[in-house]
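The two complexes that follow have chain A in common; it is paired with chain B in the first and with chain C in the second.
Let's turn to the complex of A and B:
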């Protein structure tokens, strides 16, 4: 046995037991009859059929829809900030980084409860509006926009930092050269900056999309029961409903969906070729 | 300063650029003629890069005017100027093919794809690149090929003036020599105005119609390569050209000067106006050594200290007995000095071969 292979055994065993094992168990349970707790039964497609009959697909559609909106908003919000951090703020970029990173030390749920206080009827937002302008706001909490706000707020760093890296990789001389050759700012943005920052843009979008797809706390805490997202369904199936096979089936679909998305996107879009490494 | 150009395309009038207290370019005036190959030369920090950035439109002068074909263009940004630059880094777009790079300025200008492609292929041929490079990635090209692509892209822009910011400096010696000559060929073929900057006067000599030498932000001398070589207006220009013998002298009479260090007297054939103190410049190749020096009016006695082969020539280092100055003397390889190392010899030169400069 080669020394490299031998040295890899502990890590491989750990991954097999700790990572691949549970996934395989989830896969196995998804083919077990509903409401059972054993893997030693005849496999069935009953769970997969129930996604249509029990309208679980709705929570799946909601998850994809809200995640797409969150990614789009994150891209629009983060791009200018990332541009500033990559090209303009200089030493102040570190301060901005700190401002964004420090809240991550507080648990996500607690930060979301902070937003509950803001959005609550007679909460900070509503109360301030009443005091300053005498306007009563409609209920902000437990709405779809509140969920999107939560997603954008929680996943901002995952979009921002890949974008900063992506934009730092665009040499200023290329933009100067394009400008010298007559290109307008919009043309430079389209022809030079975006294509060259594409690896960062892709990674940011991919990360935030997949994280949003699996998000749970935002829809529960800020959305109440307005919208059920897929992760919510999975949690219920494993806990209240005590229906492991159904939860496993939903997990498998989510994993296959997001996994194949990453796979095909990174397959079709050759990042090295985009930025001219190859 | 002689700026007499019949048909100026670009005029610099008292251009100054300050960064805080630092003056990068100091009151430079210059006319560049239509179709001329003009080279700005200077050591690093001389202000030549700042100068070209202002001329291209990437920086604004803090004083003076830049006039292109009679129009003041100080405040016109690079994107709106009919000029363009070949960058030191070349600034090729790595995510685009050779063809897309060359077509870029035409695409921006809204030229239709068929004409763009035709012109790009024309340029590939003109720059001696195979036409199948059209669809090659720029990072698959060699250094010399990338130079040509960058030049093709600039030519595709069809600029009034083409600027060059030391694009050849990163290349090896032989390739640089080849490309210098190719660039001059392209200048002849396109009849465009080229403004080139480099730190190498040698490179400037090969290509240029005229050369402007900069030092500490000032334009020290402007002239043809012949004028720069034969009539440097100061010690800086003379020494910038290459290895020269420099003797600090003071005037002691009509066409007679005396060395400040050892009191030796030399005859000169011409003096600058109102000359009092300055430098006598004697190029190594005009200094005679040994028997050939005996009859000359200007002589120095010294010891042959070392010899160096320069290929076609041999250089001797002669240490003067009086003040220890190390004189450089060059002979052709096939007519070497007849004596040996450590011999005491006389070296000398004709008054008309030396150059007397103030400053």
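Let's turn to the complex of A and C:
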């Protein structure tokens, strides 16, 4: 056995037990009869069939739909900020980074509860509007837009920082050359900047999409479960429903869906490039 | 430690030795802990994990007492099933779980009747021994001690809906078009299912006919489609009730309304319907039971802790630990009652407690829970779509 392989054994064993093991158990449970707690039974497709025939597609559709909206908004919001941080702010970029990173030190739930106080009827937003302009706002909390707001707010850093890296990989000299050769600003943006920053854009989109897809707190705390996200269904299956196999199958479907997406995207972008090895 | 002479080989050797030592150390530690006279691990609904309750016991025994709050009975039972009987010494759950599941599955151990039954004698009359939920089905084994309890049905803002109207109408108010879009559902799923049954005019605690399941399905759909807010957060629900976002919430009682009431919002009131489908009764009451976990390495302090929380001052601390406030069965004793002031009694709706208990039936297991859960969760998913 080569020394390299031998030295990798502890780490590989650790990964196998700590990472692959639990995933395999989830996979195993997903084929066990509904509402059972043992892995030593004849496998069945009952969970898959019940998920497909029941209305779980609604949760999947809502999760994918809200994640797509969140990703689109995050891209639009983060791109200019990332551009500024990569190209314009100079030393101030660090200050912006700090401002964005510091809230990450506070638990997500607490930050979302902060928004509850802002959006609540007679809360900070509504109360201020009443006091200053005598206008009563419509109910903001427990709505679909409130969930999207939560997703955009919580996952902003996960879009912003990959974008900053992506945009900083675009050499200014190329843009200057293009400009000298008569390219318009829109052409430079479309044909130079975006293609060269694409790895960062793709990674940002993928990270935020997958995080949103598995999100739970936003729809629970800000959305008042106006819609049920798929993570909510998974949690319920494992807790109140006492149906581990169904929860496991829902998880497997979600993992396969997001895994395929990652696989597909990684075939299209070159990771070596983004880390700067080439 | 990291000197410059370190080579990769001796680093690996040292790491290997360290790993081995850690592994063996771990098992030695287990052997050393076999007696477990200085450690107690409690898995409980919030309140018992409060330092107000635990600190005096820690001081008296010098033991390390750890407590973790739980958020759902079935989830907690699952954790014991998954092997956490090795971790916990005491478990505090609602009444049916010990008798119906944990004892038959060997997850809990029995208590010595001679030591603990006299403590039941001092409780409120309804809990005098032999108290059904504290005993196994043969009536021979004592499975736990009762303390907190409370009626659990729905909650209204009495400035919007009078107590009398709510009690007379019962869960029907949630089917009234006038309340559509003006109520929330506190998503304690297992409780919601019981209350949806009651709304449908069906006794939740028996085997159900096809017609009853159909009625339950219709009630689920209607209650969900009329709800403005769904949350499992009782504080958010009380807040919505107080600031006028909603007028009532489905599933709730003393446990959820007491924090708002103790804060002065006395218009928040748990309601027990005067009549309903459970042998004429319309309300449900939960009773917590704290049991000794069948830990292969049991702590010697488990029973002492159960005796400790029966003391009058500690009973009061359990009733008014942070989070939620609840009546305790020990309020049958004058010594315990003397610990409560008027505001505290008002927070837990002491004035109507006896009447509410008389209109309630005990929380139990629903034989059709699995089937009803699927119907319930589908109604929840489909409500806006």
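Definition applied: the second predicted complex is superposed on the first by the 267 of 278 C-alpha atoms of A that agree within 3 Å, B and C clash if a C-alpha of one lies under 4 Å from a C-alpha of the other, contacts with A are read in each partner's own complex, and residues count from 1 in each chain.
In this section, a residue touches a chain if its C-beta (ideal position, glycine included) is under 8 Å from a C-beta of that chain, and two chains touch if they have at least 3 such contacts.
Note that the structure is a prediction, hence the values are computed from the model and not measured.
Judged by the touch definition given at the top, the superposed model places A:221 against chain C, while chain B stays out of reach. Applying the stated contact rule after C-alpha superposition, one finds that A:241 touches chain C and leaves chain B untouched. Legend: residue contacts after superposition of the two complexes on their common chain; A:161 is shown touching neither chain B nor chain C. When the two structures are aligned on the shared chain, A:83 is found in touch with neither chain B nor chain C. More residues of chain A lie in contact with C than with the other chain of the pair chain B and chain C. In the superposed model, A:55 lies in contact with chain C only, and not with chain B. Taken together, the two structures place no residue of chain A in contact with chain B in one case and with chain C in the other. On chain B, the positions that touch chain A within their shared complex are 56-58, 77-81, 84-85, 87, 89, 91, 93-96, 104-105, 108-109, 137-139, 153-154, 157. Residue ranges of chain A in contact with chain B, taken from their complex: 171, 173-174, 176-184, 187, 191-192, 195-196, 274-278.
Chain A contributes residues 7, 35, 37, 54-56, 58-59, 62, 116, 120-123, 139, 141-142, 220-221, 224-228, 233, 236, 238-244 to its touches with chain C in the complex.
The touching residues of chain C, when paired with chain A in their complex, are 12, 72, 74-75, 78, 81-82, 184, 187, 189-190, 228-233, 236, 239-240, 243-245, 370, 373-374, 377-378, 380-382, 384-385.
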